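Take this structure, written in structure tokens, and hold onto it; I'll ask about it next.
Chains: A, B, C, D and E, in written order; residue numbering restarts at 1 for each.
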């Protein structure tokens, strides 16, 4: 379905509003900090509104995934077309955006977290202008990845995230920010190169015959890549279960596994999180990590169903390792932020085993977990930030008895932590439940081992609560101020979602149900 | 054994010997003069190859021009003390290995290659036809060569002459 | 005969325009000794006129001056690049601090530049080995002098010395190779050579020998490993404007010459045009040779660049690496490859000149070329620093900058041709290159300026010119259809 | 051509001249690589150019590349002259800066 | 009508919770009246529900379901199920909760977080009722965790005390371990039947479907679900959390850790009874028996009044579990109900004692004497008559003396186990059963005597002690009356004839024949034979225990220390709770922490190390060649960087700056290339 504002498609608005904001920010004078902040807030706020509109108008019954006509809010027009070159036929890159059940939750999440990030950036006062310019650029590129259906577009947005992130961590980060920044950059850039090569291989292997002219067109259109009929005979990635297809799958997978981050590729995450300023940690954990899992679902699964079926067990195993491993590492941390960082590794592991289950429960659970984890970690990192602003320390042993000083804060943070712990009635439980159910149907023992993770999680979360909120209050913490109105404002929407989705997840599930069932079917059918 | 053969061997001997002297002599002035003999020998070889005009040009331009230039260079860059005429050699070992290897390679290549040998018409004298070609097929190179010489002169002037205006002479 | 010459002249306006510019400059130089800009503007005007003539030539596809030189889309594409580069270089020179001290000689500077331009324009067009050598020497000789133009500076003098010795030897070897090639084929132009080789190519030994010897010369001009050793020292010693033109224009010209020379001479004309994929003459696998050199260039260039502190030197190594990337396009023996090289060159022009330009602005104001000295500049010269970052990111090849498109098409062509190992090396070295490029950005932004330093003031003109380079670099990242079309239509070479 | 070594020696053909050229070439190379003195290096270059020239002329004599060879030789001589002029000018400049024309004294820039 | 009613009952306490958590501080009296009022209403409602249900619709089962989430093709439904079991349990929960609310008004005043306390109580009642009325495993699991949470919050109510917050963590985590098993059990069932509701699971089992087609998995599923009960009902080996949970306020202990929550495990087993195979039941029975024994032995040696009660609770829970295991379904459940009454009473009684002790100690501002240590009490009988007499009744009840409710249920259980052994010679169960009966009588009277009889160790200390206020004693009396037999059966010596046995019947087992336990008919058959013997035996043993207690502690005929001497290591072991905590700390907690530290080290050294691996290699090389310089991105310890860095420096050394060296390179590489590509 088509929806336009001032003749421009709604998705374009959604994606490029922050860019507009960025330009405004750049034009504003350096001195006028509040104007800059408000511009950012308005730009992202408008994004939230648009996301809301999309949520309202979204048709829950459309399939999406590999069927162009069942995508919604589609905008497609030719961007680069070089016709009839003797050596490659027609070259076509199109500006192709659309939303289906797989991406809509992520879109909403991105809009929300982006907005809340701005609120929590309010007290940043070092090079405000540069900060918000980069921030808005980052938001745009994240949003772009989620809505683009053209691999080229996808890749552009994907890589466009690198630099803003690099500078945001590197300039506004903590003491070891340089190390963290370059480490993040290196990891993701390596992944990017892998993805680039895969993309090229796909591009040259796929050509659909244009019904109008009848000439064969090389295209970056992801949906065309999902159709086995479009693969040129004898091209690199043609056929089923060929070595090259496995290699390509692996290359893509590694790229996404780095973002998720999955067990052996995760070491950038703790550093990046610890060094990044609070809002950026929120963005990192809230949205960036989701990009990895999203990429796997959007690209690996439907484009290489054969390879997926071949590797899926391995994938689940990695997920299991991440769950246990992340949880154990988290338990050993003394740094509040690092602890949450590792906990995200553990929680994203749940996403992975969920989607690796290749059945609807698992898939739904996994995607829902992406959304929920985004919200929960956002709350947790914001909570860390609040404490850090007041005490300038993150050492778990420096705190204690805060519950008496900051009751509001304690209440909010506790809800977040119990959600992370998977307490029923909060959203974390629902998604973990479905992920595990799905995983268990697919592979009993992996699931059973993974579930032990929830015990360890309970362990470190409760231990953290005890060390921070309970017990006697040390002298130096006696004059802590409780949350300000601004801070409460950034927590509230998240908390509402946490409880709402915990009690009644259907609104979220029904969004994606159709698409994900279709995806499962599509993949398990081997892409036919 | 005809005369040409003898002459060939004679001149090539002279050429090579002179070249060798030039390369291995310690004294740069000697080298310069050895170079002169080499060039003359080459000119003679040209003659043996029925390239009279080329030979003449060789003598004029090289012996008459370039060599003098080089000698000037030698004089201008040495304060007349004889010892400083000495030229020390660097990385002798790799140099000799490499050049011997090169020579061997080339000679091997030449002897094993089958050149499409054909004995074309003998030009009694080449000047006229060269002139025609120069105005015909080779008119473009001819023009360009002119520009090249102009540029070379400008460049030489720029490089060799002192700057008129006084400038802060930073020496880093 | 004479009418042939006249007709040829009618196809030769751009070169003529350059030569006339040279003469005008010489004359003008006599009268305007005092102030230093006239000649520059004259040269600029000359270049613009030349550019117009070049554009007017578009669509021509013939060979003039008795098959000495071809006027074909391929040549025209490269001439456009060269003229563009030349124009930018004039702006560089007009603002360069280093040249200020040589006011009285600025006329000669532009004379030599025009000589160089002429040489390069001939290089990309020539189909005759003699003319090729001639053009080569013309370019070289003028650039030798230009490198040493700031003669009072020791480094500059040393650079010119090294450059000329290295160049003389290389061109000598190349000449020897040419002599062998001509001898074995009995033809002095590429078509003849190709014909002779296609007829019978029983002599791989001597042919490989001559090809290699010629490569010594061409590789020297294009600064390809292992014939690149001059580049870092010369770039460092030369005035930035000259370093820039060496890095961009003469590399471009050399690549154009290389492409034409190899494709016209050593391609087996039978397997042509249908698929746009060619095959080499039996027995001469020059593309394997080039592949090796490309790989070496990428590895060595990028690795060595990691260690550099002088920005010009770093850019020198990066340009060596880029030469490696470019060669890949020639290796794969397909029009696609050639086209991607052209796209790459087009984008490379803007981003590399941009990097040099910012380096020059900094060196004008701070009198330093050391990357370490850049610390904290991001706060003192935000616009310039951001621009520098963008240029370097583009050189790294990250979206959404032009550099990404360039790499995309090049890598794409190579992947398509199935040279996976080569493109793998390219990918890895790209990752490595990230470090030295990003290091500059890091020095610019991650450090508070030492002490309380005032923001640096730059002239408005410089800012405008910065945008002239910046906008294409970014724009080509998201909209590059024209370039694609331009390159696609320009791959046609006369006689193929 | 089935000739014994002496017969081969007897009548100087193309190959003889080429070999002379090759020897000159390698001698030039030797000079270029080993002589510290810049001017000696230039002389070496001249040798190389001459060797190439000999090839051209010889080919002109013995193959169908008749006068073209001479033509090329001619241009080579011109270019050699131009190059030598510029080179010597540069050497002079170097001498004024460094008070030496020993090439490996001239290495401010390295690495 | 029943379902709507039950929902109202469920939601009222939640309403109280919400109101108090947000506005508690602003309400008059911090809103205790609100909370108590609401729970009282739901008590009345559930009483009404029980009576109508049992009298008029005894046989019927009322359900109501609604769709919670639709995932793929499968529709996850939540619902409510009201049968007699649920109805009775509703009353128990609400009743105890109400009494505890009122008791707390007195006990908790002057508490810093008074309103918070009542909020949590409300939240607990809500989740407990949820467990009772749900019709499916998933929802039960949800409320299961929620009661866990509320117990966590209430145990940690005085979180300034490290011991309190530790106890809270311990309770939650130990329960999590049990829930882990339960969760896997649920997953097994769901993976097979793709439903959570009880009856559809039972039906599909009844129709012969088996999890993964094997009997083994069915038994496993049963046992795994039982794991939940093991955690919640503090059965061996997960019983360790309950004693520590006594760190919470005493009324909380009465409500959660004696009467209701811990009984939830029993309730759950009763719910899933139809799907339990004989093997599973046997395991359950033995777990119960072992728990009962261990706890009873420990209880003998404790001196903290609440600890004693805690262990007795565990032991009684063991009874109930054992009863279910052996198939004495109704008896087990009945013991749950009776035990709820008298154990809550015991706790509240001890609460009032502690309250009094606190007051008096506070008055003498004596802060080192432990107000809960029975060695510091004694002779309170005269000072606190209400408390004493009620306490006596409760003690009689728990010891299983005729005319008390405890006698009815316990006697049935013992008989049941006896019958079971006669059916399939597991004689160990009844032996343990009877032994524990004796032990119970002994330690309960020990407690009673040491607390209320005899002389206080320090006369002056308890001189000023007084009876607790009405708001605390009235609940005690109510409970005391509820601990008498006629509420359950008019025949004091046979519960079987009472309405309770009429209302609650053992459900049909749904598992395949070969896996089934002895059917109800067979069981009752066996029961008849030995019923009287069992009764007499139990009375005698109880009496024996009581006499022994009097002999030792009242008349000092036998010296307790002597006994301890005699018992030797047995005494020591029991006194130290058989070292369970120590062992768990060493083995599990210690092991886990060690593991985490290993992991951390692994993460920081190995994983990064692998990334940096090639770095060290390159380092070796570069150290040999002696150059190495670090001016890539500073401090970036990274393989690609360092190795590339070093390679770069090596390469840049090639660039000697000597032009002729370059030329040598050129010529060399020229020849090399020729050789390579020729």
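Things worth noting here:
Here, contacts are C-beta pairs under 8 Å (C-beta built on N, C-alpha and C of every residue); 3 or more make two chains touch, one makes a residue touch a chain.
Quick caveat, the model's predicted, so the values are computed rather than measured.
Least step count on the touch graph, subunit A to subunit B: 2. In terms of the distance between Cα centroids, subunit B is separated most widely from E.
Put simply, the C-alpha centre of subunit A and that of subunit E have 38 angstrom between them. Subunit C and subunit D have Cα centroids lying 28 Å from one another. Each chain gets one centre point, the mean of its Cα atoms, and the points for subunit C and subunit E are 79 Å apart. A separation of 6 Å divides the Cα centre of subunit B from that of subunit D.
Each of the following residues of subunit C touches two or more other chains: 130, 134, 137, 141, 144-145, 148, 151-152, 154-155, 160-162, 165, 169, 173, 183, 186, 205, 209, 232-233, 307-308, 431, 435, 438, 442. Counting partner chains per residue, subunit B shows two or more touched chains at residues 90-91, 94-95, 98-99, 102, 105-106, 110, 115-116, 138, 141, 145, 148, 151-152, 155, 157-159, 171.
Multi-chain contact residues of subunit D (touching two or more other chains) are listed as 25, 28-29, 32-34, 36, 41-42, 44, 53, 58, 63-64, 68, 71, 75, 79, 82-83, 86, 90-91, 93, 97, 103-104, 106-111.
Pairwise chain contacts in this structure: A-C, A-E, B-C, B-D, B-E, C-D, C-E, D-E. Listed in rising order, the residues of subunit C touching subunit D in the complex are 130, 133-134, 137, 141, 144-145, 148, 151-152, 154-155, 157-162, 164-165, 168-169, 172-173, 175-176, 178-180, 182-183, 186-188, 232-233, 236-237, 307-308, 313. Every residue of subunit D that touches subunit B in the complex is listed here, in rising order: 10-20, 22-31, 33-37, 39-40, 42-44, 46-47, 50, 53-54, 57-58, 60-64, 66-68, 70-71, 73-75, 77-86, 88-93, 95, 97, 101-104.
Against subunit D, in their complex, subunit E makes its touches with residues 652-653, 655-660, 663-664, 667.
The part of subunit B that touches subunit C in the complex is made up of residues 105-106, 109-110, 112-116, 136-141, 144-145, 147-148, 150-152, 154-155, 157-159, 163-165, 167-172.
Subunit B meets subunit E in the complex at residues 90-91, 94-95, 98-99, 101-102, 105.
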